[in-house]
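The two complexes that follow have subunit A in common; it is paired with subunit B in the first and with subunit C in the second.
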Partner chain A sequence: MNFCLNFPLFLIVLSLASAVICSVLNGKAARLTAICLAALSAVLNTVILFYTYRNNISIPYLMGHYPHPWGNELRISPMEALFSAAFSSILFLCLLGGTMQIRQKVQQDLSRYFYVMTCLIQAALLVLVYTNDIFTGYVFIEICTLSSCGILMIRKNGRSTLASVRYMIFSLIGSGLFMFGLIFMYNVTGELLMPNVRSAVRVLWESGRYRVPLLTSICLMTLGLGIKSGLFPFHIWMADTYGTAIPGASAVLSGLVSKGYIFFLVKLIYDVFDIRVFYASGVQNVLFVLGAVGIILGSVSAMRENNMPRMIAFSSAAQIGYIYMGIGISPGLGITAALFQILAHAATKPALFLASGVLTNAMGGAKKFRNLQGSGYVHIWGGISFTFEAFSMIGVPLTMGFMCKYLFGAAAFDASVTKLVLTLAVLSISTILNTIYFTRSVICIYRLPVAGDRTRERSQTSFIFAAAVFIAVNLFFGIFGKSFIDALGNCVTIF
Partner chain B sequence: MKKFKEWLRNWDEDRFMFAEDKEMLEEEEESGGDSWRPMTISGLERQEFRLFTRAFPVMAGILALVMILFLLSAVLQLPAFGSADTPPAKSGTIRRYVEQGMQETGAVNIVAGVILDYRAFDTLGESHVLFAAAAAVFILLLFARDPQESPESKAILRSDPILRNTAKVLIPIIILFGSYVVFNGHLGPGGGFSGGAIIGSGLILYDMAFGPDRLNKILTLKSYRIIVLCALLFYSGAKCYSFYCGANGLETIFSPGTPGRIFSAGLILPLNIAVGVVVACTMYGFFALFTREQI
Partner chain C sequence: MWTILWNNRIQVAAVILFAVGFVTLLLHRNLIKKVIGLNIMDTAAYLFLTSIGYIQGRLSPVITEADTAAEHYVNPLPAGLVLTGIVVSVSVTAVMLALTIRIYRRYHTLNLDEIYRYVHDEMEGEK
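What follows is the complex of A and B.
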């Protein structure tokens, strides 16, 4: 076995260990540890990606001396490596770009805990992506939940504590429902390892035994992960949570944590529920409808907002809706589109949150658009980053946002006529709504300030670097994304 | 249309706000949104709140009822609990654990064998769940109050002679018993989680009876962090080695030994000790943080 297949194990253990080590370091050293860890993980996962993609490898990796079904397992394939590499690099950029805010807004003695939590989030994301065992997935979902609450309430003013309590309640309901679903699944199949569960589910579905518990299990697990990632009727925690947390935390949460849950759901759909059983069960239609309604209502709520982070948060709810709509459209192209949307949104939303963070900071902490007039002149790089990412969200050609909308449209032609009409309608309406509220906010930050001249603020080098990389990646995949999407589609078929 | 135009022009005005909230928010905005004073709920949310308090019990009741019926109907169709032909009983996993667990792991206590050897990765995650919970409580409570002001009620409790004398007798026994449960985890019922909880309760009792000052001589915030660090690093390191060997088909230096001996079962005994330390520290840490915001 090639040595680089051991990298996921090393990275997971190293992330857990660095979290513990960060708790005894001072803030500065902890920051360095967390950033280096994220960079290392990005590099090593890229190595795994190239190795597995070139040799077309998709193999289980034993965690211990006991083969399945007695012990735990990871599974290593190009898809997993791609998503781990993407998540780690985005975490790296979030930490670089958000440093200033963390230093300013977190109490001195507590800043190390921010990095403890990000290391734990990285470990949890790696396991959620790589695991081949449902119960291991559940354990690391718990770690993810706890550490997300931690980075949300680290700001320690009243409102953000309230928001993180709300987030915690929603998130725990999600975990609970997922656990119920897992218990039902274990009871009717007697297995926890994903491939074994899948073959048992296939047999049960064909024989028709335990039909109701099986459907209940699929519904509960999907619903649980849906609640945790902010599917439409459960998106109401988003505005307050992302609106009050420090920008770095909102970026990590919206870009990575919710995407990690959705990737885990896609993995469950392929490896546990079985793709045919899932698309015969009717759950995908519910996801389609909730996703479509979420897109429209999320955008409408974003239009009503006059507070910048809250507006971005509602737009996040709409973007999550796209992903679920994609899952609902069709197994092949629909899921490819959904996966690409996960990557695109994960590469765009954190940059928006970071940019809104520096813009509000440049205007002395004001979050209302009224008070942000002219902030684009005060903080040049914040303005550029915000404008570009806003265009990507709208779906201007040459950006990743355009590619996503194009893919959803193309995927819809695969599905039934009703879904085709609905998808195209939702896509066009939401593009109009997106254009209205994002263009409005871009115009607002470049409007000349009403009174008083502000001196231009110097951007921090790490923020400029992060913003520039986000823009470059977005342009690259927006222009040359075709072959990447083909490769992604191939990986989906062998998932 | 006219109304829409008007709305579009004034979209960033605050709507649905009471006057005092508006002032409050303006103040908040001027201070940079970073004041440590808790913000009040805005007017819109207050209206929502009123509606919410009225509608909530009814809606929650209906939702809970629907959920109960749905889950009950699913549970009724599950295989009967404990019967021999349930899918979990028919799959070979349980049989293998029960029949070969002792030879393979060296642990007489099969549960310890399953959680610390067969499925050790889950338990590695589980012990970091405890660490994450402790870290989250640190974020929430550490330095939340001035350390000088100590609540009076606990001082009264501490001077209680009955509590002090009972604690003097009980604490050694509790800690000894807890250690027994930890060290004996691979031989009989027990293990790191239960034994650690017992030791933790002993520490809490000591803290309640004699106050934090005497315990602080050996357990400060710094030493607390270092103890947890050592336990978790040992756990991660040992398991990383064992997973690496397992995945690459190498022999480990740990052998199951003779089942029934105290030094047997390979890594299970040291892992139990590490888990016990983490659990005891976490329990005591929660108590200390929730009562006085520091350790």
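What follows is the complex of A and C.
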């Protein structure tokens, strides 16, 4: 069974090769290639997950059998396998559920490039999750940025192009800060391999030498990844980006790309900054405050929005805030809650974007709530999917959203009294705000249209399948999530 | 304080250049100047990296048979990182310029405020 440890490298190379192959195929063949690749990646990563979890394996994988510093390394553990499997499965469902809209909204001769970009995003996400080298992480962060911009600018209208420019500007600012932080880290430690950097960081922190450059480096790298993933107050690009992109692209960007950056940050906290140094540095308090403010202001912005995709985008900003708040709460339960929130949001938001896409399509491209009245009757599965995922976002019991809020509440009891009070207050306020704007949108799509009868639209089988799987997964982890969260906590300890 | 700054003058210059590039990229309204800011920011990072990789009195890292002692050569890794970084920087610059050209062809301006105004007008007519 040891050969399955070669799967990550195999999948990374295969994803990069598939991107090249897709660029010379026609749209249909490229779509098939990208979907099969995502499915294969999901299956192989699940195999790695079972193998590493059962045998409690967390080992470096030497690429080409060359040790550091001549060769490059991956790190294979249950945590990496779990997130790779989750990201690949969600990519598979996004591509499947968004097929029709990609076909309709992207020029036929350009559609293959959309799939080229998704293959590159998959390669970048796999590397961000598995890599054991900071600089390799930086290079694939940039590859992820460029491919994400590619799936945004594939629609040639002015708004998409402007949204791509804004996305690129914020992403490049984030990458620049990350790179400068990385250089500071290399400057004080002389290492790029994560375990070696962590050992050097521990020694430096205990001796008190280079305290300022070390702290600067931690701040710059955290801030860089925060900006790229949409941490408040750098979330302003999200509404334009997710609001104008095709639903499949919004689903991939909000569900996977931003989560890939956050997972990489969690990996850095454990493997580079050292968990004790990070929580002694005070950076976690800044993340906690920014996350908490982001939750409230993101929800308020979503409440004021009258455009459905933009409302979901602002809701994403609030959900990202939860993850950062979790990281800020405490190293044990807080990080576990943040990791579970990454998975929950990655399994919910793409489904919401896909559902809003089919609902707006069913109403002739209308995005404003007043023009979406009755869309839930026109596209039955779109309505069901949107309603269920909206309830999950609110945190209705038996859904993943409820489990997340419960976990954040439980984690807060591990933290100081101030953080406990703030967390509980933020959770209560945000739940009320979420209830207001999501209930309003559900009522709107099920309100009878003012005039004219619309014929019921037939749902595409691939969309029904994707929506049903998203709902089933959400329910499963919402009901039986306890043992999964315990396992996640175990994985954190051997991270 | 001044002695430390003088001893690390190249790194200080790199940090100042980085800040100039960062502010230009974030705040300037002209798209071409934003791209220039991006390049200043990246170049500052490479300057920093190159300066810490160079040690006065040591040879370039091409080992000859006459001298195989590693401590006589500079560390080749920073130069390798700079090369990789330059490739990344060229790619993102190319994409930003492509986007700028597309924006200019559509709105005939590079000023972001004016572009927002045009896009806002387009949004007004949306359903």
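One rule holds in what follows: the second predicted complex is superposed on the first by the 491 of 495 C-alpha atoms of A that agree within 3 Å, B and C clash if a C-alpha of one lies under 4 Å from a C-alpha of the other, contacts with A are read in each partner's own complex, and residues count from 1 in each chain.
As a convention for this text, contacts are C-beta pairs under 8 Å (C-beta built on N, C-alpha and C of every residue); 3 or more make two chains touch, one makes a residue touch a chain.
Bear in mind the structure is a predicted one, so any value in this text is a computation, not a measurement.
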item	value
Which superposed partner A:69 touches (first subunit B, second subunit C, both, neither)	both
Contacts of A:107 with subunit B and subunit C, given as first, second, both or neither	first
Touched partner set for A:32, first subunit B, second subunit C, both or neither	neither
First (subunit B), second (subunit C), both or neither touched by A:179	second
Touched partner set for A:47, first subunit B, second subunit C, both or neither	neither
A:487 touches, of subunit B and subunit C: first, second, both or neither?	neither
Touched partner set for A:9, first subunit B, second subunit C, both or neither	first
A:479 touches, of subunit B and subunit C: first, second, both or neither?	neither
Contacts of A:398 with subunit B and subunit C, given as first, second, both or neither	neither
Overlap of subunit C and subunit B interfaces on subunit A (superposed complexes)	69, 135, 139, 142, 146, 149, 153, 156, 158-159, 161-162, 180, 186-187, 364-368, 371
Contact footprint of subunit A on subunit C as seen in their complex	18, 21-22, 25-26, 31, 34, 38, 41-42, 45, 48-49, 52, 77-78, 81, 84-85, 88, 91-92, 95-96, 99-100, 102-103, 106-107, 112, 115-116, 118-119, 122-123, 126-127
Partner subunit B, residues of subunit A touching it in the complex	1, 6, 9-10, 13, 16-17, 19-21, 23-24, 61-66, 69-72, 105, 107, 109-110, 113, 116-117, 120, 123, 127, 133, 135-136, 139-140, 142-143, 146-147, 149-150, 153-154, 156-159, 161-162, 180, 184, 186-191, 200, 210-213, 216, 303-304, 306, 360, 364-371, 440, 444
Complex contact set, residues of subunit B against subunit A	11-14, 29-39, 70-71, 73-75, 77-79, 86-93, 96-97, 104, 117-122, 124-126, 128-129, 131-133, 135-136, 138-140, 142-144, 222, 225-226, 228-229, 232-233, 236-237, 239-240, 242-248, 252
Touching residues (chain side subunit A, partner subunit C) in the complex	69, 135, 138-139, 142, 145-146, 149, 153, 156, 158-159, 161-162, 164-165, 168-169, 172-173, 175-177, 179-180, 183, 186-187, 192, 364-368, 371
